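Two complexes come next, and they have one chain in common, chain A, joined by chain B in the first and chain C in the second.
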Partner chain A sequence: MQTLPFTYSARNLGRSRLRLLLSVMGSAMVVLLVLAAGGFVRGMTTGLERTGDEANVMIVGIGSEESIERSEIPASVASLLDASVPGLRTAFGTTFVSPEVQVQLPVVAGAGSPEGRLVLVRGVTPTALLVHSQCQIAQGHWPRSGHNEILVGQLAHTKLGVSAAALAVGSTVNIDGRDWIVSGRLAAPRSVIDAEIWMPLADLKEATRRLTDSCVIATLGTGPGAAEFADVAAFARQRLDLEITAMTESSYYARLAGFFAPVRAVVWITAGLIGLGGVFGGLNTMYAAFASRVRELGMLQCLGFRRSAIVLSMLQESCLATASGALLASAAAVFFLDGVAVQFSMGAFGLLIDAPALLVGLGAGLLLGLLGTIAPAYRCLKLPISESLKSI
Partner chain B sequence: MFRTATLLTLAAVLASTSACSKSDAPTKPAAKAAVAPLPGSYFLAEAPADAKDIRAAKRSLKAGDKVVLIGRIGGSEDPFVPERAIFTLVDKAMKTCDEGSDMDTCKTPWDYCCDPREQITANSAVVQIVGPDGQPLKAVLNGVKGLKPQATVTVVGTVSKAEGQNVVVNATGLFVKP
Partner chain C sequence: MSEPLIQCRSLTRTYTRGTETITPLERLDLDVMPGEFLALMGPSGSGKTTLLNLIAGIDRPTSGTLHIGGIDVGGLSRSRLADWRSRAVGYIFQLYNLVPVLTAYENVELPLLLHRMSGADRHSRVAAALDLVGITDRADHYPRQLSGGQEQRVAIARAIVADPAILVADEPTGDLDKASAAAIMELLGRLSREAGKTLIMVSHDPACAAHAGRILHLDKGRLVEHAAATVGAAGVTT
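Moving on, here comes the complex of A and B:
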């Protein structure tokens, strides 16, 4: 098949600069929306996935496998686990076992609402930094027990609806009616921990008047003699009196991610519906573009080009415009949308414009070009050549 | 020239997307070999005599006692520990959720979820088959020779731990009621 040269399609785009601009910008807006939806879904999923480490095992109360905040286990579990299960990861004589309390508490910071917003507050010991390897203190120091000090995640201000300055090191935050001083900023990029508040375990227990822990998180060792998940599960089973059970941290957060699947579906459906509007807009633009060139298309057939070759040229023309828009939108998304914080019930996460999101966006741009061409091309090429040549 | 520019743009997009996809995901544990089923030598051909009910036996048991217990496998959604020879046995007198409760459509009646947790614990014992190191054998029990949730099992063994409600029996023989 004799095809039209690519430059013919490219040069046709320059015939009407206004139309080209509208096509490119229309495509860019639809693709930007798809990228925002993709970034939302990727950010939420990745945030929950990255919070759970496959090498970590959680011990929680039986019946609380779906919500750690409901879980209560004796405070002795951490030391019993350390003593009973050999092969857990250790460094410099410290076993990677972290007893924790996790509870949602009303927090008021800066000029926030007087009632405050619920934020996940985690009571921890210094071993928490060992088991949560994605966390580090970005600024300030570890909170000292008994000094009313807390660590605040980098995205906690998003969850609280205040500026980042309101949670600067040294500022005061009211948690459940009691003032705490921010001693440092916690960084856990791309995980929901980034929106949490950490404080010493003993302080949180004292503030919430509880004696029990919510969970114990332990990291499995590596190499010969390393403990496996089954060893920790066997330990939990052997202690009927403690009423505890074991699960991997990744499975817990995967279950949470599954819980938010309907939210992600709604985001995709919304983006799809708006994208459909974009397709109709594209159809209108391309129809107008091709309808004025019916005579030219008839002439091309007279010169010996087959209809399929002309359709291919029209597709190239349309896809070139929409792909340019998609590239513009991708660049805008990478520079302006990536990392933008969004709050949800579990805390907050940053939009993630990564390779899969970009592929979906670019795919949407190309699809826009394809779908926007087929119907107008059919309308223009279905006419007999003689009629096409006489068309005004 | 235009084609060259298009190709360069495409290459740049592909390069940028692949650069963005570098993984700094949490660590993954190393893959491990498949675990074998429990050897047949642990299974008894005939039911041992004088088997005791768990709830009654727990009152007097102490570590080191030889014991024959009878009960049903259950007490939780998954009464077996994956890849370890260990399970929970519940007193026969306890009724599972499909036996007389209003939860007869329960998909996992052996978890006794219709009863309080304290009652389940008081009527349960842990059964394990240990190796020379005293740790539970790396073996699969679920589905082997009739071992399954809700199966009635007689266990012959020695009490390894008896502290309050926590009773652990090191089994040397198992008889599964057909």
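Moving on, here comes the complex of A and C:
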């Protein structure tokens, strides 16, 4: 099949600047929405996935595998695990075993809601920074036990509905009726920990009047003699007295991600429906573009160009317009949407406009061009050539 | 004596619009010799353009046969017919039908894109066609930058660039002033005489038709009169 020159398709875009503007901006709006949806889904999924580490094993109470906040295990589990399972990761004589309490507490900060908002507060020891390798103190210092100090995640302000300045180092935050001083900022990019508040384990236990931990997180070693998940699972099974069970941290967060599948589906469906509206708008615009040159399409057939070659040229033309819109939307998404914080029940996450999200956006732009062209092209080309040539 | 290039036998074209059946061309017999310049005249609805479109391969007969250069054009599939058109026929329209977003050069080049040839060969052919119609100096102009007569010259260059045996022209001077029309007719006559093109032209204008070697009058889809032109393509009174 001999095709029409690409310049013909490209220059056709310039026939009506208003129509071109409508096509490009219409496509850009739809693609921006798809990118926002993609960024939401990617951000949420990646946030949960990155929070869980393949090398980490969690020990929780039996029956609490789906919610650590409900879990209660004896405080002795951490030391028992360290003593009973050789081959856990160590550094400078410290085993990567982190006993933790995780609890949602009402937090009031700055000019936020006076009743406070529920934020995941994690009671930790310094080994938490070893097992959660994605975390680091971005500003300030580790909270000292007994000094009412806390570390605040970089997205915690989003969860609290206050400005980042309200959680600056040195500011005071009220947690469950008691004031705490922000000693530092915790950075755990692209993970839900970024929206958490950390405080010393002993302080949280004292504040919540509990003696038990929620979980123990341990990192498996590497190389010969390293512990495997099965070793930790065997330990949990054998200690019937502790009523504990083991699971990998990644499987826990993957399961949590699964709980949000309906939310992600709703987001995609909404984006799809709006995209469908965009297709109808595109149909209208492209039909107007092609209907105005039915005679020219007849002339091209008269010269010997096949309908398939003309349809291909039309597709090039409309895809060029929608791809331009998609590129504009992609640039806008990278600059204005990427990293925008969104709160959800688990904390908060940043919209993630990464390569897969951008590919989905560009694909949506091209699909818009394809779907918006086929029907108008068919309608304009179905006329007999002799009829097309009479068109005004 | 050579064989006719175009042979129509009982050529009929019928259209159905709702419950109404229209027959713009009915049982037409016609032979056109190679190199002949034929003018089709008649009132509106007499079947001139229908016959022209059938010969150009952009319409198909309802019944009867149409052989052009030994090929049963009515029996070709849609894609073969498109290929045949690109090789055998150059169409000249009343309203030129140039692509507004392409330059004169690019418009003339369009039909050659359907043929396998090198860029250099294509360039030389386009240049030759533009030269033949006397519009070389306007090669880089867009149609909106050309006068009607110049646009029609570009359209003629586009029709002849692939060197088809047949040129069909539907009211080629219908949208031109008198001087431009005369120049275009002179050009078409020259193409017939010097390039040996078989030229079939629809016209309402007796002065234009007079440039043809033969004039056919159609009425209600039937051939009503054969006449030799008073001023033939070769400029001979017959």
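Quick note on the criterion: the second predicted complex is superposed on the first by the 392 of 392 C-alpha atoms of A that agree within 3 Å, B and C clash if a C-alpha of one lies under 4 Å from a C-alpha of the other, contacts with A are read in each partner's own complex, and residues count from 1 in each chain.
Criterion: a contact is a pair of C-beta atoms (placed from the backbone, for glycine too) under 8 Å apart; a residue touches a chain by one contact, two chains touch by 3 or more.
Quick caveat, the model's predicted, so the values are computed rather than measured.
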Which partner does A:234 reach: the first (chain B), the second (chain C), both, or neither?
first
Quick one: classify A:96 as touching chain B (first), chain C (second), both or neither.
neither
Examine A:349 and indicate which partner it touches, taking first as chain B and second as chain C; both and neither are also allowed.
neither
Tell me the contact category for A:7 with respect to chain B and chain C: first, second, both or neither.
both
Partner chain in contact with A:327 - chain B first, chain C second, else both or neither
first
A:133 contacts which: chain B (first), chain C (second), both, neither?
first
Report the partner of chain A that touches more of its residues: chain B or chain C.
B
Once the complexes are superposed, what residues of chain A are shared between the chain B interface and the chain C interface?
7
For a test of understanding, state which residues of chain A touch chain B in their complex under the given definition.
6-7, 10, 49-50, 52-56, 62-63, 133-134, 220, 222, 226, 228-231, 233-234, 237-241, 243, 245, 250, 320, 327, 330, 334, 353-356, 358-359, 362
In the complex with chain A, residue positions of chain B that touch it
2-3, 6, 9, 13, 16-18, 20-21, 25-30, 32, 76, 81-84, 86-88, 117, 121, 124-126, 128, 135-136, 138, 161, 163-168
Could you list, by residue number, the parts of chain C that touch chain A in their complex?
49-50, 53, 56, 58-59, 79, 82-83, 85-87, 91, 93, 95, 97, 99-102, 106, 110-111, 113-115, 158
Residues of chain A touching chain C in the complex:
2-5, 7-8, 11-12, 14-15, 295-296, 299-306, 384-386, 389
